[in-house]
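Here subunit A shows up in two complexes: once beside subunit B, once beside subunit C.
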Partner chain A sequence: MNIAAPVKREMHVVHSRGDKVFRGIVSAGALTSLVLLGLIGVFLLARGIEVFSTSGFKFLTGSNWVAGSEDGVIPNDFSIGPMIVVTAIVSLIAMLFAVPMSMAGALYLEFYAPQKVRRVLIALLDLAAAIPSLIFGLWGVQVFTSFGERWAYFLSDRLGWFPLFNTISDNFGRSPFVAGCVLASLVVPITTSVAREVYSRTPRELVDTCFALGGTKWGAIRTVVIPFGKSGVVGGAMLGLGRALGETIAVYLLLNINFRYTFKILESEGGNVASLIATKFGEATPDEIKALVAAGFVLFILTLTVNMIASSIVTRSTKGAAA
Partner chain B sequence: MSMQATPTRPWEKEKTARRNNGLTLLLGALIAYVVVLFTGFAGPDGWAVVLFALAAAFTLFRNRSLSTKERKDSRARLLIAAASVIAFAPWISIFVSVAFKGVKGLRPNFIVSDMRTTTPDDFLDMGGAAHAIVGSLLMVLIATVITLPLGILSGLYITEVRGRFSGVVRVVIQSMSGVPSIVAGLFIYTTFVDATGTFSALAGALALGILMLPTVARTSEEVLKLVPDDLRSAGYALGARQWRSTLIVVLPTVRSGLITAGLLGVARVIGETAPLLATALSNTSFVFNPVSGPIGSLPMYIFGMLQIGTENSINRAWTGALVLLIVVFGLFTLARYVAGKDKR
Partner chain C sequence: MEKVDTSVRSEQKGTPMTDTTSNTAVLDTEFAGLETRDAHAWFGDHHALAGVSLQFPARSVTGLIGPSGCGKSTYLRLLNRMHEFIPSAAMAGEVRLHGQDIYAREVDPAAMRLKIGMVFQKPNPFPAMTIRENVLSGLKLAHIKVDDDEALMEKCLTRAGLWKEVKDRLDASGGSLSGGQQQRLCIARSLAVEPEVLLMDEPCSALDPGSTLRIEETIKELAEKITVVIVTHNMQQASRVSDYCAFFLTDGGPGYLVEADKTRTMFTTPNDSRTADYVQGKFG
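Let's turn to the complex of A and B:
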């Protein structure tokens, strides 16, 4: 017997002319967003490249911001070192507060809250995630600062021997600490709803198994829920971090721009990269605009990287949960 | 006749136990209040700290007879409850303070007058934010008209065309949602504002569109994914080409979902301030022409009033914030209502 091995049948799809047009239009529309993101990067780079090439690496490390005179007597000197440091400090403070708090909040909503309370809080949480950052800034300046000042005073009073909490002046408002706290409240609704979403996907059987084996609620949470939701929570935290890094208006309202390296988080000075752009933009010279665009490019790359990592983590974890 | 068993809920605490718990909490709150009155602790935050300390002490005391496992459980419950209070307090405080401080300036003139002849410091029954509301609506409308089709096309590309770049498009949209708003503004400034030589509503709308696109595209994709393949096949079986099947079967099926996508996109950008700083700026009177120069908007109104910093201007800022929040929440509620219609 001589039987030929089965060959996979080849199938061809031939689109009609109408379909070709349709698919062309849809593809063009979808690729617009691709092109747009590319364009943003390219244009920012093209406008900022001059600054990068004249200042070089010093743009990222120096602490001068001098708009030169038009006749060239005073040379331009732009750099954003202190802003990068404050961006990192403020975001770090925000994440330090936001991640544990939102994990606890999510666990409370999923496992402890009574049905009615839970429903109301979840609805409010969704709304809270939609509060514009301007309103967080307004609240931060007008309401939160008095609390933040008190806590900052307490910290510097009791822990002032520690270099981080050391202060020279007795002015505690408008400090990176207060800005970090406001950013934390801005990030919490986002991270909490991601964490809650992930925790709610914990397989019910696993939790019930824990109870059946005589475990307590905390036992089930510690051994099943938290490990199960780990990568999702990390992804949500990264999304929050991306938001904190690029936050403009709230930080603008809370911090005064200062071109000096500072690591004293309770001192009233600072300002991040985004708020630098917002502050200097209004009365900038043409050369200064180029430097601001360069700063925007740095910020763009920074947040893009964080977001790419975040979305890949979230996608992976939700795929794992669905399987 | 069969006996009707009354359902019991053995896992729930008895009434007396619940009442005792409530009373204990109340007592703790009172003691904490007294402590706040007579010591260095001050304000609601000090009160909360004292209450937490009392609760911790009480829990430790009550649990001394329990097993280690149960003690750990009860400690964890206390910590989680306390931490979630800290997590929920800020935004609840925001809702409350916006409502109370904003309502002061919420008078009819706030939504019908502009600030052309009023200084920010004038009494609250003069001037208003109507020009800002109109400006915001105009910009958001333009942004929606540009962004909604693009977003839906991106969704269609991923679900219907299933082209080679589906994965790339999805990743790009995801990462676009992280573009800082000031960067979007800066981009439009260096391109569009430079080219036209003036700030304008159109420039503002373009910047908002960049921020809106990811939300619209992702929601459209999610919604389009819900269309059962049977419907598409049915369309093909009736002899429709892909374009017809998409236009008369797929899209109408998810019409309200796509409207939701638009509403969520609008809710996402209507409060954005930073991009408008570089594209639309602000104005004190009505502007209806989208290309005629600076235009006011609700966020810029709040921002400007806050910057001026007098008592009345700050009140105006709070009222603006109240109106903005009402608009955002209205959009959300509308989106949920419309989305709910699809499921039936």
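Let's turn to the complex of A and C:
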């Protein structure tokens, strides 16, 4: 006897018209933002490609920014090496201060603050995240610089033998150190808020277990909460880093553009990629604009990469793989 | 058969026992040193538990039974001050260990919990730790130094009935074990700090029947050395594993202790008709 093998049936789903319309709207929304991002990248690359092809790798490493004359007597020479270095240095200083501060703040909010204080502080934190960076920049110039200078003087005085803290002049204002501190205060609200969110998801029974084993609150935090939140906090720090890397106006107010590799973080030295673009754009020659757009492309790739790494880490940690 | 003092049970049905001196249910002549006197518990304004006075017999298993919401888990968490971690939780009365009120101002709760350990409903080994680290985690948490932690680890895993299954993979993650094995790992972890009393909050409710039986065997073996108090919803489990039972009930208000006695008595000839109805499955 020959029995026909069972044929797998297709499973049809009938979408109602409302369903289709809604599906269209949300897909369009999702696609638009992706397309927009792609177009920005393409635009930056298209405008800047000429600079990349003439300068090549030197655009990223050189330390000259000369807008040539129209007759070609003075040749164009554009490169952003020191800007990239300062971008990295300022952002790293910011993270160095911001990450421990956010972890401490988040742990306090989640495990130590009384209910009422906690609610108020969380609301304030969310507000702080919405303050324009211009305000932070102004505060940095007007208020913080005088403190920062004193800290920088202290570091240079005590740890001057260490190359990074070495200084030649006694001019401690407008330094990457001061700018980094201001950027730290700028990213702390975001990183704290992410860290608090992850810490709050620590399974209650794990914390209880630590207590049941005769542990203290600090013991429970050390044993369970911090390991559980590790990847989430790293993800949050990367989001903050993304913001610090692209920060324009605060750095524009705090640092002078200075095309020189010095690696002396306590001295006036300057400018990150974003503030370079902001400074030069207004009075740029047509060729210079192309170079600035190329610099913009570099920044675009840099922040996009950092943010992508950040979101993948955050996704992984929220999937419960936080261990 | 030793005689159980049953003279001090609640006389009136439905009346929470409040009198500390006359209503203490003495379960056994050999007393573990753990007792509650007129214990009450609240969550905010909600009075969850009223007037429970009970003494726990040494080296035996006491089952806390009763329908959902009767306050037996709350009572268990009162016994080692886990209750207070719930915001707005409050208590009244006394919980005494060897005569010392553990809620007294001078008592360090962390040190007290070394003596009164707890195993939770869901198996919860520390996810970032290996099996070995899990067993020894309590020592680290409480800053206890031991001479031979390998020997201690083996002893605890053996007592928890897990040694043979994991001895070749002590450095594997605790999460790689099955649910039942994880729960036995959690028991081993609690044993490492050498508690006198082990509280268990429905330790088998998340496990399959086979794992449940293994845990029950483990519990019975543990009771040769330490005192176990176990909350269970499962009447068969209570009859299999416990030597004594305490029956809790609520009439819509706060939960209270109806009676406590030897498990066999509770399941055959309880004093209170509600106990008989409950253990026979007529309600709950």
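Odds and ends about this structure:
To be clear about the criterion, the second predicted complex is superposed on the first by the 293 of 323 C-alpha atoms of A that agree within 3 Å, B and C clash if a C-alpha of one lies under 4 Å from a C-alpha of the other, contacts with A are read in each partner's own complex, and residues count from 1 in each chain.
Criterion: a residue touches a chain if its C-beta (ideal position, glycine included) is under 8 Å from a C-beta of that chain, and two chains touch if they have at least 3 such contacts.
Computed from a prediction, not measured in an experiment: that's the story for all the values here.
Superposition of the two structures on subunit A shows subunit C fitting alongside subunit B with no clash.
Seen from the CA centre of subunit A, the centres of subunit B and subunit C span an angle of about 80°, rounded to a multiple of 10. With both structures placed on the common chain, the touch criterion links A:Ala30 to subunit B but leaves subunit C unconnected. Taking subunit A as the reference, the larger set of touched residues comes from B, when subunit B and subunit C are compared. Judged by the touch definition given at the top, the superposed model places A:Gly219 against both subunit B and subunit C.
By the touch criterion defined above, A:Phe263 lies against neither subunit B nor subunit C after alignment on the C-alpha atoms of chain A.
Judged by the touch definition given at the top, the superposed model places A:Ala128 against subunit B, while subunit C stays out of reach. When both complexes are overlaid on chain A, the residue A:Glu205 reaches subunit C alone and has no touch with subunit B. After overlaying the two complexes on the shared chain, residue contacts for A:Phe228 are found with subunit C alone; subunit B is out of touch. After superposing both complexes on chain A, the closest C-alpha pair between subunit B and subunit C lies 5 Å apart.
The interface of subunit A with subunit B overlaps its interface with subunit C at residues 216, 219.
Those residues of subunit A that touch subunit B in the shared complex are 15-16, 18-19, 21-23, 25-34, 36-37, 39-40, 43-44, 47, 100-105, 107-109, 112, 121, 124-128, 130-139, 141-144, 146-147, 150-151, 184-185, 188-189, 192, 216-219, 221-222, 239, 242-243, 245-249, 252-253, 274, 277-278, 281-282, 289, 292-293, 296, 299-300, 303-304, 306-308, 310-311. Across the interface of their complex, subunit A is touched by residues 80, 82, 85, 87, 109-111, 113-114, 117-118, 120-122, 124, 126-128, 137-138, 140-142, 173, 175, 186, 189-190, 193 of subunit C.
Looking at the complex, you find that subunit B touches subunit A at residues 42-43, 45, 69-70, 72-73, 76-77, 79-84, 86-88, 90-95, 97-98, 101, 149-150, 152-154, 156-158, 160-161, 163, 165, 168-169, 171-184, 186-187, 190-191, 210, 213, 217, 241-244, 246, 267-268, 270-274, 277-278, 299, 302-303, 306, 314, 317-318, 321, 324-325, 328-329, 332. Here subunit A touches subunit C in the complex through residues 115, 203, 205-206, 208-216, 219-220, 223-224, 227-228, 322-323, going by the rule given at the top.
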